[in-house]
Amino acid sequence: MNREAFQCLDLRSAAAGVVSGDFTSRELVEAMLAGIIERDPAIRAFVHVDADDALRQADAADARRGPGGGRLNGVPVAVKDVLNVAGQPCGCASRILEGYRAPYDATAVARLRREGAVVVGRTNMDEFAMGSTTENSVHGPTLNPWNHGRVPGGSSGGSAAAVASREALAALGSDTGGSVRQPASFCGCVGLKPSYGRISRYGLTAYASSLDQIGPLTTNVRDAALLLNIMSGRDPLDSTSVPDPAPCADDGWAAAGLKGMKLGLPREYFGAGLDPEVAWAVRAAADACAALGAELVEVALPHTEYAIAAYYIIATAEASANLARFDGVRYGRRADGASDPYDLYTRTRAEGFGAEVKRRIILGTYVLSSGYYEAYYRSAQKVRTLIRRDFERAFGQCDAMLAPVAPTAAYRLGETTDDPLKMYLGDILTVTANLAGICGLSVPCGLTDDGLPVGLQVLGPFLGEERVLRVGAAYETARGPFPEPHGGAA
Amino acid sequence: MTEANESGAMDVAYVARLARLALTPEEAETFQRQLDHIVGYVRKIGELDVSGVEPTAHAAVLSNVFRPDEARHGIEHDVALGNAPRSADGQFLVPRIVE
Amino acid sequence: MKYLTTIGLEVHVQLRTRSKMFCACGTGFGAPPNTQVCPVCLGYPGAMPVMNEEAIRLTVMTGLALGCAIPAFSKFDRKSYFYPDMPKNYQISQYDCPLCDGGAVEFESGGQGRRVRMVRIHLEEDVAKNMHFPSFSGVDFNRAGVPLMEIVTQPDMGSPEEAMDFLLALKQTLSYLGVSDCNLEEGNVRCDVNCSVRPDGQEELGTKTEIKNLNTFKGVFHALRHELDRQVDVLESGGRVTQETRRWDADQGVTYSMRSKEDAHDYRYFPEPDLMPVELDAATVGEWRAAIPELPGARRARLTAEYGIPGYAAGVIAADRAVADYFEAAARASKNAKAVSNWVMTEMLRLLGERGMTIGNARVTPGALARLVSLVDSGVVSSTAAKDVFAAMFESGGDPDALVREKGLAQVSDASEIEAIVDRAMEENPKSVADFMQGKSAAAKFLVGQVMRLSRGKANPKLVNEILERKLGAE
């Protein structure tokens, strides 16, 4: 097999190739590493690749080759820099975690390893998953493989860019307000945000604990389903993980079509501010679903306009506590010459955090502080209830919903740097799923005239992943192969 | 402790102290401007009448998620201290705490 | 002017669990620094807490024992403050929905029955230990995350003595419940106290101060005494008490104001998103309630009623659950509970105290003590000799009958044998016999003593008296 053929494998074929002896895991991993060496300098999707370690893992996988080796035996995956992998740095694209080495595996990573997966490298992200562009990184921005003048989206921009450019067969991201779905949309790959609690968060460096979910980024829907199946299920180390059995990764989905399914189009998601090219691509995808037998219905999510405000209050409040632990005492970077602990904290954190993280910590501290808690945090939690009810009502009228992922295709580099609110407002179509705890999938559905990918978002009810994956798989099959990124300068 | 003031404007310098972030004067000024803008926007939620609405703290509905009282070894002492920027005699070091 | 005192307490009690509150690290005391740590209790990125069910159970049991209401819904919150003993720079605690509401402790103080009401009992995680060196401080996270139950009282105490008696009564109850080792040396129980004074006749309470982190009951007592005096002095000299947090310096015997750079205290409580609420159903609470043992007050009353021992003795014995268990086991095997209570209160507790032992590792079994009492009551051994038997059993255990035989301590009750000894004593002490004849009755006592000496304490004193009386009468 040539290098390119390796890089275009789906996960099942890759695993089957290793089991059958068509190729070794070492050959597969070497091909992926070669792709990284060749293409990553242009897009900078990876922040850490330990080739020797990856090849050691590959050799171990080859040694246990056979039916018992696991469903991903010898198959390389990349992980976002926010996940703890034993023995590896886990920098969260932040200066403040300089020098930190994780002493343990995140549960999601452990479950992939249990199936024989090879962790091949760590991908770039917005610092502590705060951002929608992967520009807020101590390593500098990752560039969009489709157009190097554009951002890959964020915060899991490194994972999306790595998968889109075939530097990784699949990657893990995390989605707090759209951080898997939006970069998947911007980079033309598949991204799944599972329902809250579906995949254990143990080992995922927390941004906003009540919203965070780990999700896979893949080249196709079936791969996302397989990774979900492997990673999901109750984890005794995460009290918020749901006990329900993992959704299956069925082969029959695409063939079954969408007959009998009611797909909702939320009115508010097609309103003002939606780029006409994006709207057109998503409507075309909806029509394709109708052609597969689905019935399209319009549904209402009336509290959508309050979602961004509620999201940024809740997410930053939780973040302000979650990030308090980065203080230069137990791990990571520490400011020199501090005279007392107060001084140590303020200086370490001033040096260690980037501007966006500081902004969000200050906002989150403010909304929780004495005199403001009721007006901001508690009100936002109540708005969250209203948004959840919106979805409950709407899912009474449909099985799943179709919507755009983001109002536009990928931003230009630097476009939102000086106007954080503008970047926040771009999250309007994704944050609702996190607030409500439901699942959402991004599947590429078209290109703009500029040649930038557009994603179709499929939203399903809480723990309704099977429906969402079924719709995604059926649509994807009908759509046919999606073009490959051509890269190139702006 | 500052109470909610009339205008509701955020005192960035004070909040940054609460959050243990040292800000340069330039940063303080930029953040003040940006955050005034952002707070002005998020205040939007005040438009909704949410009286009588239960707050949602968790997206999943679970309760009594417990762990049995069993002790297990955690991480090795050397590993724990190996991550520490400064340590001595098995302890993490900080500048002297004055009470 | 006369001043009235108002005192409220926050008592932090380390629960007796094998593992920490939110992770599986051990809770043993005295391990080398930072050897009982893991990603969770070190506040590592990505680590998550999971509730220890046993800690919940022990807290709820305490609440039930103190008459608290157990709300159907309880939750944990994050309390934010930066301090080097805090691994996450927030503490997982409970803000507005604690595990237990209300309740009261009843006890005696100054010979009067008292009742101190509780505000609440909640559960939280303990912090690390800081050690201070000349130019830096060290942090040991072994204790970080150990379950800590916080009992908050109403300001119902009127004197340091009453506060002390309250703490002793609370400690007794907690020990009975087995929820904590209550080992003060190991810092298992730590108190924050609030106190204020006001002139007699004034309705509203005076301005209070808080003294934090007192880890002995004596410290609570002395700190309160000092602080209350200080407040009175301030008022007497025309000043005003400032509401503030103070520290107790046990060496200097003074409280002092805590000054710190932390200008702002804003705990910013919000619901802990990593933990789900606790919603206990009636069956679970009922099951836990059923596991509550008889508490000290009830036991004291029952010991008096059931065994007919005096109230004082019942109080001493009931103060420690294990001692009371021991007493009851021995008393049930004996026909003379009062004698058993005397042995327990005097010899047993004295020897245990001298050796720094607890009754749990005493070698004298309850059955052996009961047998010893019956040997005394049936005249087989004298009470003097019985003390030797007890001491021997305390050292190395054993059966009282065998010890009496081995040591030849059985009482001599054979009249002819005693007659022979009496004759010998009279022969050896003619002067005393003569004194007696001249009406000096004290001389008879001396002669009894001589008989006992010659019999090496074994002669039955009753027989000795009878025989001696008869013989002297015949002279």
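Worth a mention:
When the chains are written out, they are named A, B and C in that same order, and each has its own residue count from 1.
In this section, a contact is a pair of C-beta atoms (placed from the backbone, for glycine too) under 8 Å apart; a residue touches a chain by one contact, two chains touch by 3 or more.
Note that the structure is predicted; figures quoted are calculated from it, not measured.
Each of A-B and B-C has its own count of C-beta contacts, and the greater count is at A-B. The central chain here, found by comparing per-chain C-alpha centres with the mean of all protein C-alpha atoms, is B.
Note: centroid distance chain A to chain C, computed from Cα atoms, is 57 Å. One simple way to say how far apart two chains are is to compare their mean CA positions; for chain A and chain B this gives 24 Å. Taking each chain's centre as the mean of its C-alpha atoms, chain B lies 41 Å from chain C. Residues of chain B in contact with at least two other chains: 1, 17-18, 20, 57-58, 60, 62, 65, 67, 75, 80, 92, 94-98.
Multi-chain contact residues, meaning those touching two or more other chains, occur in chain A at positions 100, 103-104, 210, 236, 239-240, 320, 324, 327, 329-331, 340-342, 345, 365, 369-370.
Residue positions of chain C with contacts to 2 or more other chains are 39, 42, 50-51, 82, 84, 89, 137, 139, 141, 266, 268, 273, 275-276. Looking at the complex, you find that chain B touches chain A at residues 1-4, 8, 10, 12, 15-23, 27, 30-31, 34-35, 37-39, 41-48, 50, 53-60, 62, 65, 67, 75-76, 79-80, 82-86, 92, 94-98. The touching residues of chain A, when paired with chain B in their complex, are 99-101, 103-104, 195-197, 210-211, 236, 239-240, 242-243, 303, 305-306, 308-310, 312-313, 320, 324, 327-334, 338-347, 349-350, 353, 355, 358-359, 361-363, 365-367, 369-372, 375-376, 378-386, 388, 420-421, 424, 434-437, 462. Here chain C touches chain A in the complex through residues 39, 42-51, 78, 80, 82-84, 87-90, 137, 139, 141, 261-262, 266, 268-270, 273-276, going by the rule given at the top. Chain B makes touch with chain C in their complex at residues 1, 14, 17-18, 20, 57-58, 60, 62-75, 77, 80-81, 88-99. Chain C meets chain B in the complex at residues 17-19, 23-27, 32-39, 41-42, 50-56, 75, 82, 84, 89, 130-141, 247, 258, 260, 263-266, 268, 271, 273, 275-280.
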